[in-house]
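So, here come the structures, one by one.
Each of the next two complexes has chain A plus one other chain: chain B in the first, chain C in the second.
Right, the complex of A and B next:
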């Protein structure tokens, strides 16, 4: 079971791979769209990669609530990572 | 010179060039390679090639992955990558002008579109299921994807087009750009073609048509237009882009001018889906229409960059069409096929060869047709065999070069370029 720090670090690797954002810039308070410039198509890639990496399910209806990196880390932690 | 000069507002000129081809990663290296008679055809070393009847192709000399940023490249099909590289070079060559974006257009063709993406994502689907299919698949595989990416790059808003007419597509894209400017829709259009589908399925499919050369023991010698030993075309990839605008627009911004896009002729054979009309009637009409559109006579033509794909039937039909279209003047024309070096770039061919025509007039040098050892006696044209040839000064100014492109489906496009001024 991954802790929040490990989830953040794993998510940062995914965001870096998908969108080229430096790993250090992927912080809990950053918004995917406004701060990290991740468009809706790239967000789909991030979600699918996160599901695979952390062994969780993130339904499309829940994705719209994941505004910031912190939202995603919390969601993944609660979903049983 | 017999042409009635058009006004600067009606004259369309070329002010920027870009390319990435099997012969070179940019215009300078491509043009040097063509003049030097360098072949870009190589054996395919991939494991899958061993079971194919054709085991060679003409890959781009510089891989797009070595040029583009990784994150940018992963959202682009290879056709888009090559188009973007060529367009950036052409736009920069044109001076990256600050022009009215609502008067700036794009016309970038492809023959096949994002086949590598379609086939690659199908592999992912079958191996890992539908959820792993990339959300970028559709923007990558759609045939208008390369034009759209180039349009986004330069914020072109006068209209972004993708003519699709198989191996005539690249030339049709140039004609479309010319029509946009003459029709008053744009002051400036970025035109060209791109293709990238070297993969076992398209190779097997073209081989199944018996369209490809099978000279596996001599890849560099496989593309041999008009040679008695020709046995089909060589599959290639690449892109070329030209920036065109009215002479008035070019002069107002102090742009350098390479030459004039003087005319275009587009016809259809109405004969067969894949065989050329053996009499080349549609091709003949295309050349005549292009010359009339350019206000030029057959005696103005100094050079033809032929379609010349190295197929047994097509090369002879085109030779007949050239002789018919130009009559006695055909004997005074330096004819070449740069496909002998680049292979056949399908939807990019007409764009790469337009660029070669423009450079030939600009430098007064015609690139050679390589591998021409025994000229087919039925050709009866002055082919520039083996070595580049200087074009005589007394044919300039006002010298015209034609570029022919023909595609499966019976599409014929002839473009007329003129030296400038």
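Right, the complex of A and C next:
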């Protein structure tokens, strides 16, 4: 089981890799679209990379509910990472 | 019952593309013009799709007109006259006449005599599907020279006010003449479908619903962009790899990558997934042509040949994917 901190740092690496956003900017309260400028297609790349990294499934229908980094961290933690 | 043995007919051992022809309608449509009907911007469209302009056919310009223009160029490139064709295959989802086929009308318009003629419906995978069929017609002995045309007038079934699709699609035609070959020049096809994802790209209402007056809005395409992106990049890239394996070549042997021109972002993500070396020339015709479904692969190949980006004899990986969902890939020798 990864804890929230581990998930956040893993997710930050992914967001950095996909969209070039500095790792330090990826904080729990940041919104993917409005704060980090991650568009819907980059979000798919983030989600698929997160699935691989944390061994979870994040269906398309759930992706739209992941507004902030915190939403994603909570989702991944609950999905069993 | 002891029946008489039927006489078999043997085909050519191999098939190849003999010539390619491309046709884009003259009217160029900018992102700014698209944004007259949707709340978007030139910058947003470029970032999400890589599209700068697309071409729209005139109101009275039919898919058969466009197909004929591309076909004449392909025949000239192949050094074949229309009356030497014995099959005409059209890949399209925008021939808005339920019957007869666009292919029969096209064959007549070209002066091709009386070839076998039929349409296939495989959306954006149409050209790759058609190439597999053409090759099998030739190798099976049912035809010697096949005209294959991918043609779409997507402007007819695009809702200019739909923010999910209005900026994606364009019109055009790409044609190929396929004939016998002494050496293998069209690799084994890797193809399939996933009907569980029918809703991902779909005409929003049936003709029947429209006829019955339940809606007065003409049927148009709807697409779940995120779902298609995920499928194309993470599932279909595997199909491309299988096509290379089936042809017995590695990514390092490849000269050209011509994916269906769906979205520049899909192309970029696919290249990453496939780990294609930088030496591979990648089709980016979508920037000026938009997504023309079944026409996009031959249109892109035609442009790359015209501009000298690729040459005869190069090995090209083709992959089509789209509504169905359907997918298809093969490696071909550039004519």
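The rule is simple: the second predicted complex is superposed on the first by the 81 of 81 C-alpha atoms of A that agree within 3 Å, B and C clash if a C-alpha of one lies under 4 Å from a C-alpha of the other, contacts with A are read in each partner's own complex, and residues count from 1 in each chain.
Just so we're on the same page, contacts are C-beta pairs under 8 Å (C-beta built on N, C-alpha and C of every residue); 3 or more make two chains touch, one makes a residue touch a chain.
Because the structure is a prediction, the values reported are computed rather than measured.
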Evaluate whether chain B and chain C can sit on chain A together after superposition, giving fit or clash.
-> clash
Could you look at A:60 and tell me whether it touches chain B, chain C, both or neither (first, second, both, neither)?
-> second
Identify the partner contact of A:45: answer first if only chain B is touched, second if only chain C is, both if each is, neither if none is.
-> both
After superposition on the shared chain, which partner residues are touched by A:20: those of chain B (first), chain C (second), both, or neither?
-> first
Superposition clash, chain C versus chain B, among 171-179, 243-251 or 279-287 | 279-287
Intersection of chain A interface sets (partners chain B, chain C) = 41, 44-45, 48
Considering the complex alone, what residue numbers of chain A touch chain C?
-> 39-41, 43-45, 47-48, 60, 63
Give every residue of chain B touching chain A within the complex, in rising order.
-> 69-72, 75, 131-132, 134-136, 139
Across the complex, what residues on chain C touch chain A?
-> 47-48, 224-227, 229-230, 233-234, 263, 265, 269
Residues of chain A defined as touching chain B within the complex = 18-20, 41-42, 44-45, 48
